[in-house]
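As structure tokens, here come the structures.
You will see subunit A twice below: alongside subunit B first, and alongside subunit C after that.
Right after this comes the complex of A and B.
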């Protein structure tokens, strides 16, 4: 996102990541950066590879055979996971999808409206508001979890789906990103032109600005989706009914069953492996929105 | 803000120490909603025991149905974090009616006023338990804060076949234990008798308890921390010495490497507790039927004592609107024959109730130990010898310091006694910071 700056009123081709690279110049392979990136990739992918391979091992193979040698227990692990407490795993998966999907969607809507407002309208206290939001970006959500719990307990909302959804709808980082993206991608000329043609503010936002902001909003959506999908502490504090648990929490209960019960490692590993798929699928599907170049031709410079 | 917190903790510390009298005063306001009930009652229960919902179904379809008390299980993850979660919920007045709590967590919960005194509602439950076990739920007062559920008396597990192969005898004293470790090293330098893990504070606490340590005691209205007492130092010195001279391993337990060492016979013994068969079944599946259990080695030949590692109880929270009904359920769950049988079958627990230790599921040995038919008779005898334990309101701090200090010491093969002193200092400092009075 380094190519995006706050002051640019004019749209810049290629503000979205991964698009608009300059013409390819023939150059030799830079050895050091390539090696560094390869190392980084290895560092990131090795744990994933471990999960993939470990999920194929049966209970007796998991700790006794060579780490990166596939086992023979994948189907057994799957059916065990499926059978565990009448398939509560799939319930967790559905909960995670609900929390992350709906939460990210709502969060993106809020971010879009607030980001657009902060970028396009001039009003008193705008910068103050934005700065407060910036401090929100720096505040780790973890430290807010307990206060949020106490607050929601006052409203009698704890241990409900809402208790996990509500606190995650306002994402300071999402608003921040949406504002920056709106400032860079929605030219004031276009907004003016809309007003001249007699469109109301809401119409301008939904029909003109929103499509232009789409790549940025997709980013906000994905960020928020992953953040909620991976979130542990907030649902941990909020929820006590394990039918409402997301995957992160559910797998944790499989690991911590008390000293006299061995952890269900094979189930946890298989569960973690399956939990990766929705995320990968989501990225593959949503990725294409990034390349939409709606800006071309909107303004003639 | 800070001042009030300080005051609250001091008064709750006093509550623990002075017991019933102070607590009666504190609890009188909340007693109104916990008194007589009319109509059906619905209770929630936070527990981590697997299969507990099936045990609770027995209640809901049996005695609970008659008395219109319905219990709903909300399965939780075990550990220190659950204590934090209970306390957070309690702060909002939203703690469940019933909680499962490890014995060492009880003082923490009680000093935060999260657990109710149920002495009036549990009937003659006391008679079903060994004194040392029951005492853990009263914290040495006249109050009763929980009903014991399972216990973890410590035992010595060893590979029967390999002991024979290496010409070793089962050690009955810790001196013999050390000699056995050395003898094994001489015979087979690559094999270790066992490991001393710096990851498991519970193991060390149990070993210190066996040696007679009393880590937390009260005198007057003050806490006294005895982590750096002679008994604990003796234990630390013993294990530190063995690690230092290389007679035993110093790798942590419950790792893939540890599992492998047990499974391949690289480690041939384990100081553990009654629940070990379940762990061994996952850790060392190939060695099934080759292990045997014996009492823990003693410090002197005349002694016959063991420590405990693990175990938990069922408590009723002060937030509960139906304390009486909740206490009734807690007593049923942990003393009724059918309930205990189901607990053993569904949750795999070793019951605290003495009558259950030799009945039902415990008449036959665990499958993994089918070679030792009297496994549970022996276990019940050993459980009788459990030394009293003494837990305080910040066991979690002591345990965390243990992991840090002993972890470093075990890795560098350095002095364990200094690590004990660190534990003592950090625990005392934390108690003071929390506002408790600490005896010098």
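Right after this comes the complex of A and C.
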């Protein structure tokens, strides 16, 4: 887990004390890899740097001054954004946090309980069930979203918070990761010991297995949080009332209206800047808790 | 560590009738996994199986309009057989979209995974500096929604905003329209590459880190250069993760929707049917023809499965060949 966050180069193997290859030379920097990685970093940071700077430009400066030249209108842009349709922008942010936070939480619970069951118990049809669940990963989202919309319309649930939340609770990928993690972190003798003590299966799961699975579940939660936060298609199809929009859909409609009223472009840019913030901050904070090794483990099996 | 575990497990299995309460406990144990799987199964049936079944049902139906289409009984849903499918296969808008997306995929997948592999190998090389910073910076776009990524790049493609045009202007060079014709493909591909490289890099990089250092020792003693080690040892070692990233990239690319939809307000060159999924959306909600939309969606799903699994099978077959060759030597 920590091997991803820590990246201290291992002691150079060739100069191990036993080999006796002359005096230790001062360590050189590998120039080509370092420069290539820096170029890659520059490329990836470019649009982010732009949106930070562009959010300070006033409407006239946005299209007239040099790309990376800061402007003078940040506070004005901010108050314009706050004033736009009585602060609907912050409503979108709140909605995104609700969809992604609650959705990822429920999704992690379902993934945990299913992954645990698939990893710890042996029963007929286990692999079939698992494979059927996994095919869900391969289904193009629009194949699901259009009939989901039509079915939810019959239940009179479209254009509601539930219509965006419910279809995203079951994440085949989350179940897959939880199963791998449960198999690796919950030893069968611990489960047996719980049974010998007379604990029920549910109690063993919640009291014994769940704490052991926690690091993997944090990863599942984060994946699902990002997936829901970034989702555009499902709310695009389900919602028409812009009070319920998540931030992705809100900014999209703002950009669409900007095609007719260019004054809205500064709002779009400022809004994009503020929308980039929370997730990037979240990433910087949770980076160390994120066990990406789980991914390579997943790859190997 | 494993032997006591085994001992206990056998102990339980070997003496199930030691106490009378054992059988009921065993029954509880038997039913537990099914109870645990109830939420996932219910959600799967409601939000995966039912919609797919419904879409397939719809794809074999059509609306027949009698007379002027007015009045209660004028619009009737009837059985259509394969009519919607044959119509979809001869629909030039859908085929054009499919060709565009294939071209787009041929740019995105190799470039994105090539960059991801190169970055991962360089992060894994010795004496590289600033690796934690660059790794995080390259991974950062993963945290930015595709819609917002497309929005940021979309602005950077506009002549009045872009630094590229600023430079071209200074030197009096011709200024191509980035949001039209051939450059539009590159512009869209760039957004996908920007957004996807970091994640794939991390997947490949973690696979590289899992390779024990001893594996490289012998090669190093034989005087192999870092480049030789990367090509001859590291890349074959992470081949499974490369296959997996390829597989998921193909699926994701064929379903491109967000980026072109977001660029649409900035240019006239992105039509409402630019990609097959946009065409499905347009037919279902723009034209209100859910039946042909369902048939097209089914065809796209089929094409995605055939392409992605075809790739997986080809990759597996090559792996097996390599293995048997290795064994023969």
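Odds and ends about this structure:
As a working rule, the second predicted complex is superposed on the first by the 233 of 301 C-alpha atoms of A that agree within 3 Å, B and C clash if a C-alpha of one lies under 4 Å from a C-alpha of the other, contacts with A are read in each partner's own complex, and residues count from 1 in each chain.
Methods note: a residue touches a chain if its C-beta (ideal position, glycine included) is under 8 Å from a C-beta of that chain, and two chains touch if they have at least 3 such contacts.
This one's a predicted model, so the numbers in the text were calculated from it and none came from an experiment.
Using the contact criterion defined above for the overlaid structures, shared-chain residue A:240 touches subunit B, although it does not reach subunit C.
Contact with subunit C, but none with subunit B, is seen for A:143 once the two complexes are overlaid on the shared chain. Look at A:105: by the touch rule set out above, it reaches neither subunit B nor subunit C. Contacts of A:286 after superposition on the shared chain: neither subunit B nor subunit C is touched. Once the two complexes are overlaid on the shared chain, A:166 sits against subunit C while remaining clear of subunit B.
Greater residue coverage of subunit A by touch, when subunit B is weighed against subunit C, goes to C. Of the two partner chains placed by superposition, subunit B and subunit C are both touched by A:63. By the touch criterion stated above, A:256 is placed in contact with subunit B and with subunit C alike. Applying the stated contact rule after C-alpha superposition, one finds that A:153 touches subunit B and leaves subunit C untouched.
When the two complexes are overlaid on their common chain A, residue A:78 makes contact with neither subunit B nor subunit C. Taken together, the two complexes place residues 62-64, 146, 150, 236-237, 249, 252, 255-256, 258-259 of subunit A in contact with subunit B and also with subunit C. Residues 4-5, 8-9, 12, 25, 28-30, 32-34, 36-37, 39-41, 43-44, 46-48, 50-52, 54-55, 58, 115, 118-119, 122-123, 125-149, 151-156, 158, 160-163, 166, 194, 197-198, 202-203, 205-207, 209-210, 213, 216-217, 220-221, 226, 240-241, 244, 251, 254-255, 257-258, 261-262, 264-266, 277, 280-281, 284-285, 290, 293-294, 297-298, 300-301, 304-305, 308 of subunit C touch subunit A in their complex. Considering their complex, residues 3-5, 7, 9-10, 12-14, 27-30, 32-34, 36-38, 40-41, 43-48, 50-51, 54, 62-64, 66-68, 110, 113-114, 116-118, 120-121, 123, 126, 129, 132-133, 136, 138-144, 146-148, 150-151, 166-167, 169-170, 175, 187-189, 192-193, 195-196, 200-202, 205, 226, 229-230, 232-233, 236-237, 247-249, 251-252, 255-256, 258-259, 268-269, 272, 275-276, 279-280, 282-284, 287, 292-293, 295-296, 299-300 of subunit A touch subunit C.
Of all residues in subunit B, only 44, 46, 48-50, 74-79, 81, 85, 88-89, 91-94, 96, 150, 152, 202, 256, 259-260, 263-264, 273-275, 278-279, 281-283, 285-286, 309-312, 347-350 touch subunit A in the complex they form.
Taken together, the subunit A residues at the contact with subunit B in this complex read 59-60, 62-64, 146, 149-150, 153-154, 158-159, 236-237, 240-242, 249, 252-253, 255-262, 265.
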